[in-house]
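Chain lettering (A, B, C, D, E and F) follows the sequence in which the chains are written, and residue indices restart at 1 in each chain.
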Amino acid sequence: MRYINELREGEMLSETYLCKSKQSLKTKAGKSYYSLLLQDKTGTLDAKVWELSNGIENFDSMDYIHIEGQITSFQNTLQLNIKRVRKSQEGEYDPSDFVPTTTKNIDEMYNEILTIISKMTNPYLSKLVNSFFVEDKEFIKAFKYHSAAKTVHHGFVGGLVEHTLGVTKLCEYMAANYPLINRDLLISAALFHDLGKLDEISTFPENDYTDDGQLLGHIYIGTEKVGAIIRTIPNFPKSLENELKHCILSHHGELEYGSPKKPALIEAVALTYADNTDAKLQTMIEILNGADDKSEWLGYNKFFESNIRRSSK
Amino acid sequence: MRYINELREGEMLSETYLCKSKQSLKTKAGKSYYSLLLQDKTGTLDAKVWELSNGIENFDSMDYIHIEGQITSFQNTLQLNIKRVRKSQEGEYDPSDFVPTTTKNIDEMYNEILTIISKMTNPYLSKLVNSFFVEDKEFIKAFKYHSAAKTVHHGFVGGLVEHTLGVTKLCEYMAANYPLINRDLLISAALFHDLGKLDEISTFPENDYTDDGQLLGHIYIGTEKVGAIIRTIPNFPKSLENELKHCILSHHGELEYGSPKKPALIEAVALTYADNTDAKLQTMIEILNGADDKSEWLGYNKFFESNIRRSSK
Amino acid sequence: MRYINELREGEMLSETYLCKSKQSLKTKAGKSYYSLLLQDKTGTLDAKVWELSNGIENFDSMDYIHIEGQITSFQNTLQLNIKRVRKSQEGEYDPSDFVPTTTKNIDEMYNEILTIISKMTNPYLSKLVNSFFVEDKEFIKAFKYHSAAKTVHHGFVGGLVEHTLGVTKLCEYMAANYPLINRDLLISAALFHDLGKLDEISTFPENDYTDDGQLLGHIYIGTEKVGAIIRTIPNFPKSLENELKHCILSHHGELEYGSPKKPALIEAVALTYADNTDAKLQTMIEILNGADDKSEWLGYNKFFESNIRRSSK
Amino acid sequence: MRYINELREGEMLSETYLCKSKQSLKTKAGKSYYSLLLQDKTGTLDAKVWELSNGIENFDSMDYIHIEGQITSFQNTLQLNIKRVRKSQEGEYDPSDFVPTTTKNIDEMYNEILTIISKMTNPYLSKLVNSFFVEDKEFIKAFKYHSAAKTVHHGFVGGLVEHTLGVTKLCEYMAANYPLINRDLLISAALFHDLGKLDEISTFPENDYTDDGQLLGHIYIGTEKVGAIIRTIPNFPKSLENELKHCILSHHGELEYGSPKKPALIEAVALTYADNTDAKLQTMIEILNGADDKSEWLGYNKFFESNIRRSSK
Amino acid sequence: MRYINELREGEMLSETYLCKSKQSLKTKAGKSYYSLLLQDKTGTLDAKVWELSNGIENFDSMDYIHIEGQITSFQNTLQLNIKRVRKSQEGEYDPSDFVPTTTKNIDEMYNEILTIISKMTNPYLSKLVNSFFVEDKEFIKAFKYHSAAKTVHHGFVGGLVEHTLGVTKLCEYMAANYPLINRDLLISAALFHDLGKLDEISTFPENDYTDDGQLLGHIYIGTEKVGAIIRTIPNFPKSLENELKHCILSHHGELEYGSPKKPALIEAVALTYADNTDAKLQTMIEILNGADDKSEWLGYNKFFESNIRRSSK
Amino acid sequence: MRYINELREGEMLSETYLCKSKQSLKTKAGKSYYSLLLQDKTGTLDAKVWELSNGIENFDSMDYIHIEGQITSFQNTLQLNIKRVRKSQEGEYDPSDFVPTTTKNIDEMYNEILTIISKMTNPYLSKLVNSFFVEDKEFIKAFKYHSAAKTVHHGFVGGLVEHTLGVTKLCEYMAANYPLINRDLLISAALFHDLGKLDEISTFPENDYTDDGQLLGHIYIGTEKVGAIIRTIPNFPKSLENELKHCILSHHGELEYGSPKKPALIEAVALTYADNTDAKLQTMIEILNGADDKSEWLGYNKFFESNIRRSSK
């Protein structure tokens, strides 16, 4: 496949891309044309269909489309001038070419999660966690494919597994090294803390905020979802339910970060630090890996409110 | 009844009070005694049982107890020295003597709410609101009796009805005077906005934060509760559900006040101002009514971050 | 008239516009030309006078000018290439074509204000309010024509009347529904709260911050103005003067929003919520009405710190 | 005179003090008594009149009263048990014994101010300043006697002169050392910046916030007062009036400190630093001079948000 | 030994305590006496020497003193009435009775640190760390005995070792689980991050802020100290020196927490989360262990800005 | 010399400039070219070397280069099309043409500093100050040439001398006018307060943040440097060392401005106001002098969070 980040001015192209957005516009002279945003896993490309002639078939945004055309340059940026376009057939393209994906093995990561789950001893929490991570095939499939964010960190296929595993392992470390922590409660909270992201962000290749996500947010959605399953487990202790929900609700640590409650339990405190540690280290790793050249100082980053620098080997 | 705010040093007492708290302590000499906090609707009173003799029957905190004893004075404060104590029988006392109560008529206020509800036209919202406010007898009874707060404003029996009515009427005014507002959505949101207070704060005479309240908060609890009933109403539009839940979730207006989302809909904006207006005006009214003497300036209030002053008639 | 938002590339134009700004510049080759910003009530247009020949008469910024020329396109934006220009004569154009105007009837709104005023009973406040809103013809004329803001909300002719009426009616509602509020004091404060805007913002078509506005602000200006008239009313009670001025000074509610005092009176608290409610609901209405297409989500708004969304009908 | 800070338990007293406050109370047994707060320049003293017999004449708070009685001790604090009390006659006491006073010479400081004024050259500003500081005898008398604060810094007779001189001299230094500063504008602004304190705080011995002070504040009051006199000076330039008022309005430097505008002129910037420098250095001097013992570290101070320490000689 | 938390009213005492403070005061009748604060590892005790007779020998604050006297009660608190007092001899008391001490084994913890150090491979960092933790006997002795705080968390003998080990192990975990982290740099930074506490807080039994601590703070002191030793190591890379110092300077994570720089390196980010995690979990553990009774809710904690609750077992 | 701010489109150029940056890039067609940023004291200029032919000799960024080429225009900005380029020889150009420089006389300002130093009487502080400002020739040379900032205020050659003198003179004024200030301590602190800027910012013509500057900051660097010299002065009092270092560490006044400690000494308070006053007045002067035209209002400035305006003469 001819990836977007390798295209050169002047080249003739016949390829399938994901049509991320499609606008129907008019030139100043009143003639209709399409302005498209094409995407593959390496980036995005502006494209225009100036002549809505017979080579231009019906398609919509979020369709995979096969285009023929030429790369031109407008104001120093590449642009695709499309002559022919049609919807691509399933099988004609490999969906994984159109979505950024974790560099790690998703199944291996998922198995690590299962191993951690298998060590749980509290019958209620164990039943609850299993009903999601072991028994619910649809959930498992979605969970493995989802990102953990639209941008920032873990914004790729497998990102939700990778981040959830990173947080859960940190929580395991804390439960092993600090007394008084209820291990099964903390592990359950870690596994569920970003559950709501499945509904807050649409699946790839779209990976954008949903209506639910914008109006309710993953913190509310995830807590409600866990609560709904708990109600199906006989005799689940009310106190334990409150504690688990509290950990999910408070995991952003501060009201101004969207948690309606501050952490009041040692497990809630542990979870907020585990989440933050994994998120911030991964953000730093993505910045360092993503920097183009080998300069030491990589520019200002608004999340860290600092210029970022590579350290010595 | 002999109210706490009328007691005088030296007087002999034979009366029923609510035992708000009971501690079993030891004197420095090692002798056991009880330290109690008694309450009626006019205030609280320290009490001691120095001799755990045969006149002292079993009782617990939150029991209504009948005591005999004498009022003494310790470090300028009145204290009750109890000689005899037993649990009071239902009928022996009037529970309304032990809880502060709205000065307005609760049934009249509730009827005003029902009138507003009767004008709703959206079938889904109407069904939802009716299932709480018309059909659920247990909910209605609890709602009428509950306070809207532990302290600050509307912290009395009937307070939740009074505050909910005040907010809903302000929302009616806004829906009538500003275009684009979806009246039924806004009225529903106003009616449900403090629904979670039923679980966040225990009923009178206790009126204190519950475990649910401290760990989850009324914003989460109320939204989840509304969501649970919505799931029982066939074909309730997903979009409308999201909008209503969003109004409840965002009604504190700012993340740092415990809302996990900022208002994104005009109805959510209207609700947050209606809630704030009713709450702040009532707080001011309680300050002005509660001030002991007739001085103009009533001292510093932390909610208003200002000294408060009566205005001219 | 040929409105700016209807112009098309290539068209020849002979029309009057308001010259919002005029700069005298030199090309890189050293030749003088004018760069103008033209305005009507539908928008603004860049214009150039490349040849300062005999068809180009004297004019200045804020003049209404009659131009002849052709619409061209530069970097995707329309631009007017002017061949002839002269000042327009009064009568040759309709000033209302050059200023955005409320969609409501200004006189009707003003009469609503007069009706509210006629119900006042405090003789001092009534005399004060009448001396502005009934007796001062110059004030009345200016007040009816003024905007309530440069941008954001009510930034159009009649905006000050519309906003003042909106706030005053909310205050009437509060005075009728909440005890202890001094109605006449609150109504007077509502009527005067944005009085200083007459001096803070210049009249249309300029509608920009004045020197007074930037150095002193409408809160100070309005309070001082009310104070100056109060001094002409015999026996106006000092206490009432202080209360009224306090309401105006504190109506932004918080020091960081430019009020030098926080509200200390119930009327001051009521006014700050009435002002905020009317301003925020109108801002929301202008966003919803101003959105181009029919998409649900309308993008991020910095005043609400949220993406904004239409709600269901 | 027998000063309050020298009284000892058991001593019999016959002396005049200022009665700062007077409350009429009842004992638990229902008998009336007075609770007083007496004051001289060295401190305050609790006093009780237990027997309202014929030796107890009429008096009110803020009266100078002559008392006879005995010093007792209650809960480790001295208390005066009053047997006889009557209003003192003027001449019977020296008012300066009852108010804290600057250690500097007020007339010398005032003459320094006059010298600075005499060097002004702008005719309008000079006329304005003279109309207060040279021609208005009542103003001069009040200005010399006033404090610059209720507490914190310069809270003593002569404090307003001392602080105004300190700020004005710093402004003179800045005008002499930094280009572009309009000296007369800055000097005028310095002289008037705390003018409103004359109305914000009552005169000694009361020295407490007035109704004007709490509702309007010295920033508004002083600016309005200067504006009123400016209107009596023919042809006072509007621009200069705005600039001077802006300097007074903005002299707290930040909105959250009660200035409705941030400094926009170099003179306004200079004034805010001069005011802050004099205020903070004087606050530090009062802390260092007021510390009882010779320990290096003097405890936490909330204005400096730090423990305070003496430095080496 | 007779510990302070076991004393009872009326008991006669002959025991050694640490004299934490000593004040020489006068009674109201003018008689001199001493007011002392005595301390052992279980708490503190007010003590008075009313008669400065011949049984009262010379001693000073921070001396261990042997007292004879009787326990009395004043306003519900125990107080020691001292009849005889003299300085205790070394050997007469066990210093460990007077200081709170970690419940863990200090030598074992220190050996864990040494094991981690032994795995370092960077020659410069290894040499630097060894020069402190292996070669400097005085440093090792002080480090093992020191607390990590005056109060809050780890405020006991061995606290600095315990906290440093906790942070370093978390850093080891991060270096093992997240790519791009320079392990030796991070380990070194963890070991040195609270080095300055040795000078910021005096050693036990005083354990209070020093002059250095209050004026300079442990962040500056520790960084300077590491810098001084680096200068003695030939060819220590300048870049590595900057990185290590940066990690120490920035380890509080935010400017407002006293770090003059925000973290700019992945190791600095990792360190700030490791430090925070260990500190907050230990704070929570101390709250949970320190709570007197078995109630679930333990009251408001200002560090967590929340009520704290035990979680289910 | 032909300065950058006087260049015109079309002109042929043969001149020396400083090459501030040099990037080696490829055209879309794959051909290599250089993109340069040239600088003199009047501004910067984009330049391209399209043909890497034999007239193009070796050079690097921060070299002074002699170029031949023509001025063209690209998207309304001037660009230099370079035909020939070589490194310039020392002597061929005047370095002062390439760096912005104070308008004051550096030697005269430095002599003013020396005069102030000569009046110091404390032997330790005097020795310390002299070892930098009198005896260390290398330091003196660097200090005179350095800027006090990358941008904002005093960002030119001689800026560090000018700012240090301005602050020191203000401190002299304070020491003379306010009691309790230790003059020599305050003068020393003023002289050293920005010492760390010598390492935080590279010398002209680069004048950019160094690795030390970004990782450690001038506050830490300067304090450590003073500490290192103090250690070479026998018997320098520890207390005085702490005080001086504290003044340097705390001179930004607030933790969030990068000071790890808030001012705790009167000298530290004085220094922070002197530093702020000189910095803010100079910033205002640079804004007023730098404004192009004669309009009163000069636009919004983020440091002052206000529009800035010239005041009347």
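Note that a residue touches a chain if its C-beta (ideal position, glycine included) is under 8 Å from a C-beta of that chain, and two chains touch if they have at least 3 such contacts.
Labels paired with UniProt names: A, B, C, D, E, F = 3'-5' exoribonuclease.
In this text, all values refer to a predicted model and were calculated from it rather than measured experimentally.
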item: Any chain that touches chain E and chain B; value: A, D
item: Smallest number of contact steps required from chain A to reach chain F; value: 1
item: Which of D-E and A-E has more C-beta contact pairs; value: A-E
item: Candidate from A-E, B-C or B-D with the same interface as B-E, over half of contact pairs in common; value: B-D
item: Chain separated most widely from chain B, comparing mean CA positions; value: F
item: Interface sides of chain B and chain C: same vs different residues, half threshold; value: same
item: Taking each chain's C-alpha mean as its centre, the one farthest from chain A; value: D
item: Separation of mean Cα positions, chain B and chain A [Å, integer]; value: 42
item: Contacts with two or more other chains, residues of chain C listed in rising order; value: 211, 214-215, 239, 243, 261, 264, 307, 309
item: Pairwise chain contacts, counting only pairs that touch as defined; value: A-B, A-C, A-E, A-F, B-C, B-D, B-E, C-D, C-F, D-E, D-F, E-F
item: For the chain B and chain C complex, residues of the former touching the latter; value: 166, 169-170, 173-174, 177-182, 185, 237, 239-240, 243, 261-267, 269-270, 273-274, 276-277, 280-282, 284-285, 288-289, 304-313
item: Touch list for chain C against partner chain F, complex; value: 28-30, 211, 214-215
item: Residues of chain E defined as touching chain B within the complex; value: 8-10, 73, 296-297, 307, 309
item: Residues of chain E defined as touching chain F within the complex; value: 211-212, 214-217, 219-220, 223-224, 227, 239, 242-243, 245-246, 249, 255-261, 264
